[in-house]
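Here chain A shows up in two complexes: once beside chain B, once beside chain C.
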Partner chain A sequence: MSYFDLWFAFLFVPVVVLIFLLVPKKAKPYILLFASYAIFFMVSNFLIIFLLLSTISIFLAGKKFKKLDGEKAKELEKEDIDKKLIKEKYKKKKKHILVLVILFNISFLFVFKYLKFFTINLNAILKVFKLEELSIISLIAPLGISYYTLKAISYVVDTYNGKIEADDNFVRLALYVSFFPQIMEGPISTYSETAEQIYNASKVTYHNFCYGYQRILFGFFKKLIIVDRLNILVKQVFNNYMSFNGLSILIGIISYTMLLYMEFSGTMDVVLGIGDIFDIKIPENFRQPFFSKNITDFWSRWHISLGHFLKDYVFYPVSLSKPLKKLSVSLRKKLSAHYSSLIAGGIALFCVWFLNGLWHGAGWPFLFFGMYHFVLILMGNIFEPLIIKICAKLKINRESKKYYGFQIVKTSLLVFIGEMFFRADTVRDGLRMLKIMFTKMFVLSKNEFYYFGLDMFDVALIFIGLIVVLVISILKENNVNVRDEVEKKHIIVRWAIYYLLILSIIVLGAYGPTYAPVDPIYADF
Partner chain B sequence: MDKLIEILEELQPDVDYNTCEDLVDGRHLDSLTILSLISEIENEFDVEVPTVEIIPANFNSAKSIYALIEKLKEE
Partner chain C sequence: MKNLFKSICFILIFLVLLSVSVFILLPKQNLFKYSFLNFLDYEILEEEDNKVDVLFVGDSLVYNSVSPMEIWNEFGITSFDCSTPAQLTETSYEYIKIAVERQHPKVIFLEANVLFRDPKNRTSERKLKDFYDRYSILDDYHDNWKDLLEYGKPLNVNKGYYYVNRVNKAEVFNYMQNRHKSIKIPKVNVLYFEKILDICRENNIKLILFGIPSMKSWSYEKDRMATAFAEEYNLEFIDLNLVEEIRIDWRTETKDEGSHLNYEGAKKVSSYLGNYIKQNNLVTSHKDDPNYDDWNESYRKYSKQLQFY
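== the complex of A and B ==
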């Protein structure tokens, strides 16, 4: 299933909206929960039991934390007691529960996503020692397990830290974990960002309905005009890269990055559009990533919710853990604040990027992808003071538009290479493609005379589609919200734009046997 | 407060800390800079910054960082 299935966006969503409007306010959250579980059940059948187990586990953990906090407060009221000791005692109790619940949730993720990869690699080691190999088990994972597990962990950690109060309402928590627009591909919102909003959603106005569908249609535009066409080119290049020159491979990897961006951000347009219909503000997952100054900036604009999760629940807890703090303090005597923090931060960054790679998939290319970004970010931070000095000496204005342009091109090229490894079948294939780009950039072969399996019409439509998205992105980067601007226009102009969008999707969309629609890429992670 | 601004200017000189109110939301301070900042604060003001306090609201301006330090001192 995909959010781009016509039945989902234009039948399922309107039916849910209709029922939602007809039932009394009290029943509305139940309708949304039923719709969410129905989608889950449709795709994953009885694997829904794992979604329920995750939800129940964090619900009970939250309740237990609340109970322990109450007991602690009572004990602390007593006189002649060692308050520190009591605090420690309860902290320990809560920590045990936290670890247990996190392990419980991660164990499902491990079994469904990583067991095969783990067994294959373990067998490789067993083979070296001539030991009996284990049988490989392939399992189909429950829908969106990588997304809802992270949401579950964020809830349980936030309740443990006292950042949010544990929820006494199971329906609200279950809805937060499984909300149907978010279940397949995120965004991985925190409990405080969406739980209340979803539970309290009470109306669908005509304005919200149009405003939401406007964005949903834009997502379809990206998918049907651009993604399904680019897919042909990308497949040609990646499947037969040995028969292309460096320039064609460069075009292939740029196209793949565009495909990935259009597919994922287009899906987010559908997701956030559905949120808009119900007046639920689901957090944005993208912010014009190709206007980034450096890789750190890129990752604050691309898959934002995953970056936030890893920052809040991995980076800071690891870098501020007792052993790393001790290390920082001892290093401070020898190094400057920048470098002493960089070492502790570097270790935490390694964990973040190792997990980022692993989260994307159980395979060496994904781990390589993670490590590639770790090295780039670390290098960027190590050399930053040096670059500032060099720019000052050469009198380069780091605030100038020219310098920003240079930064954008540099960052984009690094991103394209990263995504090349991400898409390549093996790390070796990626390295070979890189080699061709460096050694045979302009060597012509007969393959270069084809349009990578596309005709001129397809190429023209891809360009037009990309230009439309680029113009909207430039406006957004300059704080102009195109959707709000369209809203302000006269009804005739407004509807002319809507019809143009609908017609372009119907007439110019990539339909038919020539095009193989791209499966939802991020739903597999 | 002066000491805090001195620390901030040393870590990231391109910002006016007396007026800026979106240090995190405006992406003037990235995670590694915040980490250096926490290390400096803990060293200078003899407090411990728990991870739960690392939220944009606490780090968006020099004023809010100072308020956090004051709060942690009291604890």
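== the complex of A and C ==
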């Protein structure tokens, strides 16, 4: 299933909206929950049990935290007691529950996503020692397990820390975990960001309905005009990279990065568009990533919700952990403040990027992808003082537009190379492609361009599509909301834009017998 | 109320614009001579009149296995796949009836598998698919904007063939051994078959029955029954499942685990059929006839498609 399935966007969603409008306010959350579970059941059948188990586990954990907090407060009210000891006792109890629930949820993720990868690699080790190898089991994972598991963890950690109060309402929590537009590809919103909004959604106005569908249609535009066309080129280059020169491979990896961006951000347009219909502000997952100054900046603009999750639930807890604090203190005695914090921060950063790679998939190319970004960010941090000095000496204005342009090109190139490893079948394939780019950049063979698999009309449409997205991105970067701007126009202009958008998707879209649509890429993660 | 009025207006204007777009994209040949839905149902109506010499009639096995453009390129024979998904004998008859109004085919190859399909067993899922196929006009025609820009008119490049070069290998087994399955040709199919026979006699068309390679849709029992059926009506029957020259490699030449052939399989079947027509002098070649330049144009685009997708 994909959010770009016509039946989903233009039948399922309107039917849910209609029923939602017809039922009394009290029943509305139940309708949304039913719709969410229906979608889940349709794709994953009885694997829905794992979604329910996750939800129940965090619901019970939250309740237990609440109960323990109450008991703790009561005990603290008593006189002649060692308050520190009591606090310690309850903290320990809560921590045990926290660890247990996190492990419980992660274990499903491990079994469904990583068991095969783990067994293959374990077998490689067993083979070295000539021991009996284990049989490899591949399982079909429940829909969106990588997304809802992280949501569940964020909820349980936030309630543990007292950042949010545990929810007594199971429906609200279940809805937060499984809300149908978010279940497949996120964003991984926190409980405080969306739970109340979804549960309290009560109306669908004419304005919101149109406003939401405008964004959904833009998502379809990205998918059908750009993604499914670029797919032809990308497949050609990545599947036969040995017969292309460096320039063609560069075009291939740029195209793949664009494909990935358009596919994922287009899906987010559909997701956030559905949110808009119900007046639910689902947090943005992209913020014009190709205007980034450096890799750190890029990751604050690309798949934002995953970055937030890893920062809040991995980076900070690791950096603030006792062993790392101790290390930081002892390093400070020997090194400068900059380098001591770099080393301590580097360890936390390593954990973030190791998990980022692993989250994207069980495979060495994904781990390599994570490590690649770890190294880039670490290098950026190490060399930043040096770069500032060099720029000052050469009198380069780091605030100038030219320098910003240079930064954008540099960052984009690094991102393209990262995505090349992400898409390559093996790390070795990625390295070979890199080698071709460095050694045979302009060596022309008869395969170049012609065999990209696109005709001139397809190429022209890709360019037009990309320009449209670029213009909208520039406007967004300058805080101009295109939908709001269009709304201010005269009805004739406004409707003309809508008709143009819809008809261009219908007529120029890459669908039908001659095209193979891209499967939702991020739904597999 | 104001919003309701606006919504209705928006949808109405949209429908008008959509209809205009569809009209622009549709081939105009015969468009006004038939009802719109008939025109959409019978793809052969897009062809110029009296240019197609051979019809291949049948279900999805036909449009996945016989590529008229391959036959054109190799033998200069003009042919067309008059095939629809899960075609019933009744539909074969309807299709042929319409086709001979615009074309004067010399030969019709009727796929024997349609004779075994019982209309009573039509599932609701199949009916839903039929409905979708009938009304999903844009799936097939929306890409015609490229032809309009390049040639000034839509070109029917595939002539009814459905090009797929994907491989989804089959678990190979000997499907042509006797498994003592009980099958029959429903009476209603015999009735429509006889009507087809009548049309062929009236129009002096040679009717040939043929079976297309399929591990999942064909069997020894079907071969036996179709052979007996053809003998009864004094017709030729060619079972391509048994032809040594074709010999499908089910690991590489099927798109869906043995149900249908992919392009590689279709090339073999098309070449065999073209050669069969040529060897038996059933029709003449138009390869060098300037009146058939549009077929060469279609072939150029067809071969481009083979490189692209």
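Rule of thumb we're sticking to: the second predicted complex is superposed on the first by the 523 of 525 C-alpha atoms of A that agree within 3 Å, B and C clash if a C-alpha of one lies under 4 Å from a C-alpha of the other, contacts with A are read in each partner's own complex, and residues count from 1 in each chain.
Assume a contact is a pair of C-beta atoms (placed from the backbone, for glycine too) under 8 Å apart; a residue touches a chain by one contact, two chains touch by 3 or more.
What you are looking at is a predicted structure, and each value in this text was computed from that prediction instead of being measured.
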Practice problem: Could you look at A:110 and tell me whether it touches chain B, chain C, both or neither (first, second, both, neither)? | Solution: neither
Quiz item: What is the contact status of A:10 with respect to chain B (first) and chain C (second): first, second, both, or neither?
Solution: neither
Quiz item: Should A:162 be classified as contacting the first partner (chain B), the second (chain C), both, or neither?
Solution: first
Quiz item: Who does A:503 touch here: chain B (first), chain C (second), both, or neither?
Solution: second
Quiz item: What is the contact status of A:404 with respect to chain B (first) and chain C (second): first, second, both, or neither?
Solution: neither
Quiz item: When the two structures are overlaid on chain A, which partner does A:455 contact: first (chain B), second (chain C), both, or neither?
Solution: second
Self-check item: Which superposed partner A:30 touches (first chain B, second chain C, both, neither)
Solution: neither
Quiz item: Between chain B (first) and chain C (second), which does A:317 come into contact with in this model arrangement: first, second, both, or neither?
Solution: first
Quiz item: Which residues of chain A touch chain C in their complex?
Solution: 206, 232, 450-451, 453-455, 457, 495, 498-499, 502-503, 506-509, 511-516
Quiz item: Tell me, which parts of chain A touch chain B in their complex?
Solution: 161-163, 296-297, 300, 311-312, 315-317, 319-320, 328-329, 332, 337-338, 340-342, 344-345, 348-349, 381
Self-check item: Of chain B, residues touching chain A in the complex
Solution: 10-11, 27, 30-32, 35-36, 38-40, 43, 49-52, 54
Quiz item: Where on chain C is chain A touching in the complex?
Solution: 3, 7, 10, 13-14, 17-18, 21, 25, 138-140, 142-143, 145-146, 149-150, 162-163, 166, 304-305, 307-309
